[in-house]
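The structures come next, written out as structure tokens.
You will see two complexes here that share chain A, one where it goes with chain B and one where it goes with chain C.
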Partner chain A sequence: MATNQVQSIKDSLKNKIWPAEDVVFKEFHTKEKYIEALYIKTISDETIIQDKLLKPFFEILSPDLFLDYLQSSPLVIPFESEQKTLDEVIKGTAILFYQNAIYLFDSKVDRNNSVLDTTVETTIQGPQSGFSESLPTNLGLIRKRYPQTSLNVESTTVGTVSKTDVMILHDTRRADTDTLTRIKQFLASIDVHMFQTGEQLLDIIKKSNRALVPVMLVTERPDRVAVNLAAGKIIILVSGSPFAVVLPTVMKDFMSSMEDIYQTYWVTKFLQILRYIGFLTSLVLPGIYVAVTSYNPELFRVQLALSIAGSRMSVPYPSFIEVLLMLFMMEMLTEASIRLPKAIGPTATTVGGLILGQAATEAGLVSNIMIIITSSVAISNFVIPINAFSFTLRIMKYFVLALGTLFGLVGVVLGFFILIAYMVKLDSFGEPFLTLIQSKPRKE
Partner chain B sequence: MKMFSKWGWMVIILVFVFLLNGCGFKDIDKRFFVVSIGVDLAKDGPKKYLVSLKFAVPSPSKDKTNEFAIVSEKADSMSEAVRIIKTKVDKEVDFSHAKVIVLSEQVVKEKGNAGIFYWFARRRDIQGIAWTAIAKPSALAVLKVKPKSENLPSNALILSLGKDGSETPYVISEFIFDMKYKLIEKGIDPILPIIEAEKDLFEINKVGLFNKSHMVMKLGPEETKILNYLRKREEKSAVKVKKGNTTIVIDTHKVKTKYKIYTPKGKAPYIKVKVSVEGTMEEATRRVPNEKLSDYEKAAEKSLNREIEKVLVKIQKANLDPIGFGLRYRSRHFNNDDWEEWKWIYPAITFKVHTKVQIADTGLIE
Partner chain C sequence: MNRYYFYLVLLNMLINVIIFVPKILIDYRYEGAVMGILMAIPIGITLNYFYSKAITKFPEQGLPEILANSKHRWLKMIHFGSIQIIWFSAGLITLVGFIDILSRFVNPEMPKLSLLAIYLAAIFLIIQLPTERVMYFLEIVLFLNIPLIGFIIFKAFTNEYLSWDSMLEVGTHLFERPSLKSIAAATYCFSGYANLIIFNRVIKGKLKIWNFIVIFFIGVLNLFTTFFIPIGFHGSDGAQEYLYPWISTADSLRLTYSPIERVIFLFLMFYMSITLMSVSVHWHVAFELLKGTFKEKVSMKKNWLVLAFFGGCSIVGVIFLNSLILHKLTIYWMMFRLGFEIILVGSFFFWARRRAA
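Showing the complex of A and B:
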């Protein structure tokens, strides 16, 4: 490369990078040679620069030998274009100017690489650690759990401003190529400024950016990722997020916990049935309560009908307002307990749950039965192992409640069917959402 | 009008729709549940019936759950009475939990009251599984009884008429849907239990047999038990057997009945009834050794044969058919005049009863 060309690139780079506090541009001299380096010190690992660059520079006296060292070092990438160089600098790469040539020296610092404990998808048995917030560490965790040479990793960036590194992992022997192409197209088509974590994809996947049911599974467990890789799924890792996205995902995946394979057969079956019952309870119970108490009380036994009538005597509002009131309070409690500091979390739950419930019945705002219904709805909502799906369920029950209020039991049935129809329509990258048979590893 | 956006309109419509929850929507506490219905003949005045509805009064507290209110009205028809009663109570009358229907003896004895029976079947809000019974001395008296053990109004009747509570062969209970079916169906006649009101309790151990319009005859407790054996509805009972000077009582735990109608050509038709009884000895006036049990079995068979035949003949003489022999005959014969045939056969038919009694043990260790 000609001297003036290098000089012009150097100047234009210096112009484009704002001379912020942490931008370093420095020359190093020995008797025989000199080198210039440009990097941002807050995102570069200065020990790497010290050990791998400066030490050899001062130890290797001959300029030609040092050039050989630079060209053969795995950390050094030759210059390609000015734009690429700029992109690299803001990610922590150092730019070296040496003997009329430009080199990119990979000195990216890898912070947040400590492995975190699982907090969202906890299991009693099985692995307890989740992902870290560092992309290479996460990839390493997956590789360790999935030692297959067929594991392919492709890299891309998402986000016009954030330029977040995203990795697509799949087992070339098991994954479906159609699905893979679809996912790549999808990732290429994303148009957002800031891409921070894989969960953002849940909304972006809809053209309207308004999705109700998630069609991607976001997990913090490397073991789940490894199992899904073996099942032919495709994994998306996002830099800076301790969550991986598993694609394609159907409802059965949302209803399965990693514990399912760490328990005995019948225990697993029992737990799975329990989850589906919890799903149904949480979805239709408020609607059924309104429909049965206000439209079809003959559905109860006499004893129950009379005791509900008795406990509702002091309630001044119609049943659906009572239900809405109580569900609203419950949602508040749930939301509040996420925000609360861990130390006072249990206190708030006790105060909110027990005292509020008790006081509400005493004051005649809601009936005793309503408290039971609200709490069982709240509890069964959290039986769903995947958080994203249980949040969806929280919304869906209001739909059933509204139809139940308007049309009675028929409305509850109708609402349930509308939701089923909606879910039937959904697909996750070609895989129907309600596929009940989980995709099995493809036969070779 | 560009006052609201598309979503604004949606919200407004939703709010209005929620406010307009039509007439179907009625909260459970605004309903007054009828738990039992009683029909008497009006004693004086121009009206024909005295209809009483027993309402359960719900209470917010756990104790005092068996509060009730009885509202009566004289009228010429059920519908009329119910409409007038609606004006006497503050909440919407709800029949969906009316599980007991009692008709006084006078009402069922009289001809021309079948319209009432059909009223219950016609109302869609009265459940078909409501128990129907005959009340003595009057329906109102039965409704007024408040047994000590009851924790809900009329629960005692529901428990003893259904087999949820006490299991006894002296109660034959009938659903209203079954009663309606038997009033219409050729070859089977309705049976209703008779409830006698006492101060704090009920006595239900007799039945009234109906033809297609009214009650024709009553059966006593022992005859009721035999009828229950024949209907295969209750297996827990006691059979008293006398042999010489010794009287023993068998506690049955299995009673099975089979019958077949034989119409041999050129011979008199007969019905072969096979009853098999299994049980243990419960009581004896004298010591009964194990070896002698077969003798007692024989004696029991003999006496049961006699008793069963007696009951069957008694019912036959009144030209009633609560067991459904006629229906059985019609189901096995496909000629067009099978019903006329049966009407001609039944009064003359003979019963051949074969009982098999098995006493498992004496109930004591020797």
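Showing the complex of A and C:
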């Protein structure tokens, strides 16, 4: 490269990078040679620069030998273009100007690389640690659990402002190539300013950016990722997020916990059935209550119908208002206990659960049976192992409730099946989201 | 055993309760219904066999794809048009009949049109799905409902008030000359195969002989249950008093220990989804054929036009058809359908043979 060309690139780089407090541009001299380095010290690891760059620079006296050292160091990447160089600098790479050539010296600092405990998808047995917030560490965790040479890792960036590093992992022998190309196209087509975590993809996948049911699984467990890799799924890792995205995802994945592998067969089957029953209960119970009390009290046997009616005796308004009131309080309680600091978290549950529930019935605002229904809806809602899906379920029950209020029993049954039909309609990168017998889609 | 084919036939067998088949059969119980049922079984199986054989020569193709580059455009339009009318009216009768049942037994105070509105909303969502998705949904619905219907049938057969003598009495009228109406009604149970016109898209490979043997046994059991259980419950003379014999039968059943004591509610809840599915499957066929009639891709606007037409027809149907007129209409529709089906199967079988040769 000609001297003036290097000089002009150097000048334009210096112009483009704002001389902020942490931008370092420094020259180092020995008798025989000199080198210039440009980096941002807050995101560069200065010990790497010290050990791998400055020490050899002062120890190797001959300029040619030091050039050889630079060119053969695994940390050094040759210069490609000005734009790429700029992109690298703001991620922590140091730029070196030495003997009319430009080198990129990888000195990125790897922060937040401590492995976190699982907090969202906890299991009783099995591995207990999740991902960290550092991309290389996460990749290392997966590689350690999935020691296969066929594991392929590709890298790209997403986000026009955030320029977040994103890695796509798949097992070349097992993953479907069509799905892989679809996912790559999808990632390339994303137009978003700030990309912080994989969960953002849940909405971006829809053209309207408004999704109800998630069609990708976001997990914090390396063991789940490894199991899914072996099943031919494709994993997306996002820099700075302790969650990995698993694609394509079907409803069965949302209903499975990692514990299913760590338990005995019949226990697993029992737990799975329990989850589906929980799903059903949480979805239709409020709707059924309204339909039965307001439209068809004769549905239940007479003793039960009477005890429901008796319990509602002091309630001064129609059943759907009662249900809405209680569900509303319950949602508030759930939200509050997420937002509250851990230390006062139990207070919310005590105040809400015990005092509010007890007082509301005694004041005759809601019936006793309604309290039971609300709490069973809330409990069964959180039986769903994957959080994103359990939140979806929280919304879906209002749809069934609305139809149940308007149309009675017919509304509840049809509302349930409309939701099922909607989920059957969805697909996740070519794989149908909900089928009874989950099999690979037909090749078209 | 191809499960998708089985589902289609099974769906029609289940829905016959709504579309007046038991009523028609019980009306003719002394005038040849028994013989009619016995004759309907071979007729139904034969039609099943020939049509499935013919259409599985074109694996994973529906009729629009098979006839995509046919030169006789007018012939194709008439062909498609007539099938559409039959399929659409099948769905319409089921829908109007069931709305009537709902307003009679579940929501007597609610206007029928608002019951129709929610049904149409669900149906329109389903018929616009791709064919394989409709099939997946049908599978889920049947999976959720089959245990329930099995339980109800088990309860019916083991009920102590079931009078086997009444059934035997009707059985002695075996050698009456069968009436065409009863044959037509009984063959409806087997005519689920005709949905293969579109649903052949999801069927891979040839259908084995096992399919037809299973359908034979299920069909016999189904017709026996449909016809004889209401007679057993209400007596050989009493059974004709009811417009919907099966629903009254379900109302005579009682679950002693269950929180839901009256079986009629279980039964109706089960039929809410089965009706939804049956209408959706029939209308999906009509809808897809309509789309296949046009060469170019159907625009959103045209799509909505068709759906608006479907919706309009059902609104008119619900307003103007009361259950008695609907019942009479269904009898003639059944006979027309049987004739049409025989012509359809015959012509398609020979056409397919010539085409394949």
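Here, the second predicted complex is superposed on the first by the 434 of 444 C-alpha atoms of A that agree within 3 Å, B and C clash if a C-alpha of one lies under 4 Å from a C-alpha of the other, contacts with A are read in each partner's own complex, and residues count from 1 in each chain.
Methods note: a contact is a pair of C-beta atoms (placed from the backbone, for glycine too) under 8 Å apart; a residue touches a chain by one contact, two chains touch by 3 or more.
Predicted model only: the values in this text are computed from it and were never measured.
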First (chain B), second (chain C), both or neither touched by A:Val250: neither
Contacts of A:Pro318 with chain B and chain C, given as first, second, both or neither: first
First (chain B), second (chain C), both or neither touched by A:Ile308: first
Which superposed partner A:Tyr295 touches (first chain B, second chain C, both, neither): both
Which superposed partner A:Ile9 touches (first chain B, second chain C, both, neither): neither
Partner chain in contact with A:Ile420 - chain B first, chain C second, else both or neither: second
Which superposed partner A:Gly408 touches (first chain B, second chain C, both, neither): both
Partner chain in contact with A:Thr435 - chain B first, chain C second, else both or neither: second
Where chain A meets both chain C and chain B, residue numbers: 295-296, 298, 302, 406, 408
Chain B contact footprint on chain A (complex, rising order): 293-298, 302-303, 305-315, 318-320, 405-406, 408
Sites on chain B touched by chain A in the complex: 17-18, 21, 24-29, 31, 33, 35, 56, 58-61, 65, 94, 96-97, 99, 125, 127, 152, 155, 158
Touch list for chain A against partner chain C, complex: 295-296, 298-302, 304, 403, 406-411, 413-414, 417-418, 420-422, 424-425, 432, 434-437, 442
Parts of chain C lying in touch with chain A, wherever the complex brings them together: 102, 106-107, 110, 114-115, 118-119, 121-122, 125-126, 129, 132-133, 136-137, 139-141, 143, 258-262, 265, 268-269, 272-273, 276
